Amino acid sequence: MRDVHGRVAALVFALGLILAGATVAHAGPYEDALAKFTEGSLSDTGDGINGVAVSGNPLAERVLAALKDGRLMFSAEKKTVYIQAKNGKLFDAFTGKPFTGKPPDDIDNVIVNNRLRNVIDADLGALTLMSRNSNRRFDAAQAVFRSRDLSVLPNVEKALAEETDPRTKRALEQARAAILLYDAKSSAADKIAATAVIGDRGDQDSLGLLDGLPPDLPPAVHAAVAAARASIAHTLALWNGVQNAWYGLSLGSVLLLAAIGLAITFGVMGVINMAHGEMVMLGAYVTFVVQQAIRAYDPNLFDYSLAIALPLAFAVAGGVGIVIERTIIRFLYGRPLETLLATWGLSLILQQTVRTIFGPTNEDVGNPSWMSGAFDFGGITITYNRLWIVCFAFAVFLALLAILRYTRFGLEMRAVTQNRPMAASMGIRTGRVDALTFGLGSAIAGIAGVALSQIDNVSPNLGQGYIIDSFMVVVFGGVGNLWGTAVGALTLGIANKFLEPYAGAVLGKIAVLILIILFIQKRPRGMFALKGRTVEA
Amino acid sequence: MTRHLLIRSLDRGAVTFVIVVAALAIIVPVLNLATPASSALHLPTYLVALFGKYACYALLALSIDLIWGYCGILSLGHGAFFALGGYAMGMYLMRQIGTRGIYANPILPDFMVFLNWKALPVYWYGFQWFPYALLMIFVVPGALAFVFGWFAFRSRVSGVYLSIITQALTYALMLGFFRNNFGFGGNNGLTDFKDLLGFNVQAETTRNALFSISCLAVVLAFLLCRVVIASKFGKVLVAIRDAEARARFLGYRVESYKLFVFTLSACMAGLAGALYVPQVGIINPSEFAPGNSIEAVIWVAVGGRGTLVGAALGAVAVNYAKTFFTGGMLAPYWLFVLGGLFVVVTLLLPRGIVSTLRHWTALQRDGASAAAEDGVAEPLPAG
Amino acid sequence: MQKSIEAAAKRLRGSRWLTAAGLAVALTLGFMAARPARADDTIKVGILHSLSGTMAISETTLKDVMLMLIKEQNEKGGLLGKKLVPVVVDPASNWPLFAEKARELISKDHVAVVFGCWTSVSRKSVLPVFKELDNILFYPVQFEGEESERNVFYTGAAPNQQAIPAVDYLMSKDGGSVKRWVLEGTDYVYPRTTNKILLAYLKQKGVADADIMVNYTPFGFSDWQTEVSKIKAFGSAGKKTAVVSTINGDANVPFYKELGNQGIKATDIPVMAFSVGEEELAGLDTKPLVGHLAAWNYFESIKTPANRKFIAEWHNFIGNAKRVTNDPMEAHYIGFNMWVKAVEKAGTTDPDKVIAALPGIKVPNLTGGISTMLPNHYITKPVYIGEIRPDGQFDVVWKTKGLVPGDAWSKYLPGSKNYIADWVKLKCGHYGTVTKKCSGSS
């Protein structure tokens, strides 16, 4: 660490020069350092980073950022270095000007490893503490909090004095506290104050920071640290419960999405639809195809890929569902166990078809930017993709309820499934309603596939992973009842996630299965059983 | 009386079936052992092993048909009983390895030595004795079926609900057996067997003997099923299948009937698993996979539900198709063929192959008398 | 009652018996008629990889690469003047079916050698068949070791050719001087063994129990929220933490997606994976994963003439320039060339003679070295550590000085450190160096 300190001290000095408006490039050191990147060995690259960071050249930040992202290119033959912009354009790293002409044949990116990335992060953190963008200042403060680099302390204090944004100010204070706590020379009073700041932060990182303190602290500091740790542990335990509930909700919404189409084809129509999982898979593959097309024709549309995929998946899976209903299922009404046989055969065919067309390997379905990353909510981290999936699951559920309750098609559907001859004599074309109902169930499975492609493998086996869980959910909730499916999915998800930390993933799942078996003994027709004469049919 | 019952229970199809299986039990070993390898009549050993496997599947199919075809209980978890019987046999075979294992531990199987187990878990006690293992082959699946059935039938869980929770049962068992700390070898399961009752399991004679025993088991199980069905008890079963509520109102204890036949069927499935393991040389948690159980139900449906003969033939036919199509040039496409078969059979032969054949022959002759003779040429059962 | 007995007896009479027996004979003969004749102008090569079921995702590629290698060998004039004929079967990810298909390949198709299997359980399932029928299996996947059989040649990495160097790298300054370890794996024998070896190794290096967390999840596990947050909590204890992942196949994509989304960067908690290669990454958006690590004996990004040629041939064969190459493919490349050389040396495809000829055979691998078949039936391999790049390939950040010989029995496990395998001099796969006895092979 000592060499880092030295470097960063020099860096701070250089930073001062830049801030003072000394924009004159130091002709020597920067170019020498850049040349190191053309050597192709990690240790030379490390020297290069070192050199560039302390050179004081205004291009330093761009070079380091590019290096971190793997966008710094070099040619070993011509001893040239380029910065590749995110859109692929090349800039000469020595001058910063756009590079025109043909790039050298042996152009390649400069390799860095994790250690060097950490060095770059520390350097960039120090370089950006004074950035104009408050988000970047905040990130820099967080980086300092983690690195606890003593030599940055003067810089932090300077930034703290000028900071106006409250969030960044707090982050800077925490960074300062972290440095002070680990500084052997700081006074006991300072350390106690720092402990309080860290204690207020109260997250897992703070606990880790306090846990990692050396044991030879003054007694007063020791007591303060112990108290802060206890308080953080208490808060974390509370948040732990919230986190489990959130994870359960998120798992439950995945189960709901997977099962809700089945709640129609199996729950309402009585078709033991073993090909349900394959409808989900079809939806995921539609997403893949849409993303491939977007990558090929207009990469800017990538963020809209899911929005484009949704109606297509609905149409494709729904269409396949209608075809299946017209050609196979309609001959099997009233013989549910034979539908099991035929749809199992169908699922084999669909799987192998997809395997033949797309190959057996996983396909790359990317997350759009609005579904990547996470944000902190109190003491827990919520990832955007899970959040959107929870919202999406509920939206689909509500939309389906609305269709069943408020549309003419919903009315006809309920009529046909409740009493077919009566519905037929009222002039409803039962065959058409059957086809559309099965199509609707399949289509919903298809759009579930769009969502599940964001968190799971997109491979021909995708559907197999969900089919059993889906049946469990529908049966647990009560066949023929959408509310039952929703409550069942959430209950199973939350039960699973509360059991998992104690019993482990496998035993947790086994326990849930046994609970379902026992629950069915108690309520043989699920949570929300249909009542009336149709039950015995 | 028993003899009467036995003879009464046999119709023409049944007699033919028994004779064919018994003949195979003799002909196959003769063709394998008594003919030189160069002879045109020689039956290679790999086919003996394959036929033995089919026989075990046929036995499993019989056990499913007994409850599904005659009592309307659709178990989508019968693979669990099959696998439990297989594990009981596998445990016996593991204990027979003794010091011939890699780690040469006289008591602990290799995988336990490897996972640093110090002592044999209690549930492995006794499996070194064949009679005990033999008992367990029936008792373990039977007991599980009894307990499960006790709860399920008493609370009148039926239809798809029952099917789905049987699936939950086998799925839970699969997850459990996959765990290495359960003491059943985890994903690798039990393998590398050496001796069965002192005979080398890989020897040709042992394979032939196992094949003959499997055929014998099929015949005995078939006769047992026929006796059960032909008895008064069997008539009640069919009544339950066709109208459970009415049977109950007539004063029959539906739960007890179901429980008995379910347990009996589980014991048969356990025996099938036990015969299967020494012939394929491995037992592993994937035998519990719900897909396997569904596939076994499909054999029965393809062959003809509620015919017994059809169930056994369906098992052999589907598995022969699988063997045939997974080798050779069709290998990448065999799922199309298998999947297509299921769809076509359901649409065109909804009664399964055997029932349809019977139906046709019955139509060709005087319809009424033929149907009466079959006794089970029932209208298509619902649910 | 009398009536029914008579009726039954009537049914039994007549030609019924004959018909039935005839049917049985016909059935049996029908099966036998399907047997193909043995052709002498070709050499058959069995390919035993799942083309359907859960393992198809990994194994189908290996079938394709074998077809390519066989085609190229035939273009070079075949072997011993004969044409090589591939025999492809589909064991459908079903372990008993592996044994059945292996038996079929050897007994019915009379193959000279089999290339196949991926999971350890499939190998264990076919082992007795290869021993009984005395044939050769080339097994191309990294695995737990602790096995050496006369009929099997292991061209994938043993733990000492992958796991130990990987941990050494993480402990080094370049690897980030890792002090705290999460051993995360799928619950089956390969992760269990590898972690057992790593635990012994880490303890030997002075890592305290409190600094090691071991966790197992089931196959195909997809909901990683809880596990990843556990790793995050474990990693924020103020010491540099790394995850050593033996997570298998399908579970990896959701695992990495969750890691990326929960913001665990490689610079904070690097993940070193032993089962994640180019093919697994092809199904992922790798930008959030840049810097996570993998240890293999081959990377597609390694620039050697042999590798460039191999990649070009692969793209040409498969007709898709986007298909990646990976470590098990290289293992088959090495294994196939070794077998070809051994057959040429022995002058016959007779398994016994080829098994005797194989140890000592040297063939070039794709990364510029020469791999040797060792007497314990493992091979020598270089070890590379790669960091994931944004394009789904790996940057090699570290490699071993030379080639590492594979150990059949781990030096770090008390139960196996006193054992060696040597099929040349000792003719034994499990020889006690203390007991001076050969055990475990009957």
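The chains carry the letters A, B and C, assigned in the order they are written, with residues numbered from 1 in each.
The rule we apply is simple: contacts are C-beta pairs under 8 Å (C-beta built on N, C-alpha and C of every residue); 3 or more make two chains touch, one makes a residue touch a chain.
Note that the structure is predicted; figures quoted are calculated from it, not measured.
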| item | value |
| --- | --- |
| Topology of the chain contact graph, where touching chains are joined (line, ring, star, complete, other) | complete |
| Innermost chain, where centres are averages of C-alpha coordinates | C |
| Pair of chains joined by more contacts [C-beta pairs], B-C or A-B | B-C |
| Distance between chain centroids, defined by C-alpha means - subunit B, subunit C (Å) | 33 |
| Computed distance of Cα centres, subunit B from subunit A, in Å | 45 |
| Sequence positions of subunit B contacting 2 or more other chains | 175, 178-179, 332, 335 |
| Numbers and ranges of subunit A residues touching at least 2 other chains | 351-352, 464, 506, 509 |
| In subunit C, residues with contacts to at least two other chains | 51-52, 187, 216, 218 |
| Residue ranges of subunit B touching subunit C (in the complex, touch as defined) | 4, 7-8, 10-12, 15-16, 19-20, 23-24, 27-28, 31, 41-47, 49-50, 53, 99-104, 111, 113-115, 175, 178-180, 186-189, 191-194, 202, 280-282, 284, 286, 323, 326-329, 331-332, 334-335 |
| Subunit B-facing residues of subunit C, complex | 1, 4-5, 8-9, 11-12, 16-17, 19-21, 23-25, 27-28, 31-32, 35, 51-52, 88-92, 94-97, 99-101, 103-104, 106-108, 119-121, 124-125, 127-129, 132, 146-147, 187-189, 192-193, 216, 218-219, 415, 430, 439-440, 442 |
| Touching residues on subunit B, where the partner in the complex is subunit A | 74, 148, 151-152, 154-158, 160-161, 163-165, 167-169, 171-172, 175-176, 178-179, 245, 290-291, 294-295, 297-298, 301-302, 332-333, 335-336, 338-343, 345-347, 350, 380, 382-383 |
| Residues of subunit C defined as touching subunit A within the complex | 51-52, 54, 56-57, 60-61, 173-176, 187, 216-218, 220-223, 225-227, 229-230, 232-233, 235-239, 250, 253-254, 257-258, 260-263, 266-268, 270, 279-280, 282-285, 288, 290-291, 293, 387, 389-390, 392, 395, 397 |
| Residue numbers on subunit A that touch subunit C, as the complex places them | 42, 69-70, 111, 113-115, 117-118, 121, 146, 204-205, 207-209, 211-213, 243-244, 247, 250-251, 254, 351-352, 355, 359-367, 372-374, 381, 383-386, 454-461, 464-465, 496-497, 500-501, 504-506, 509 |
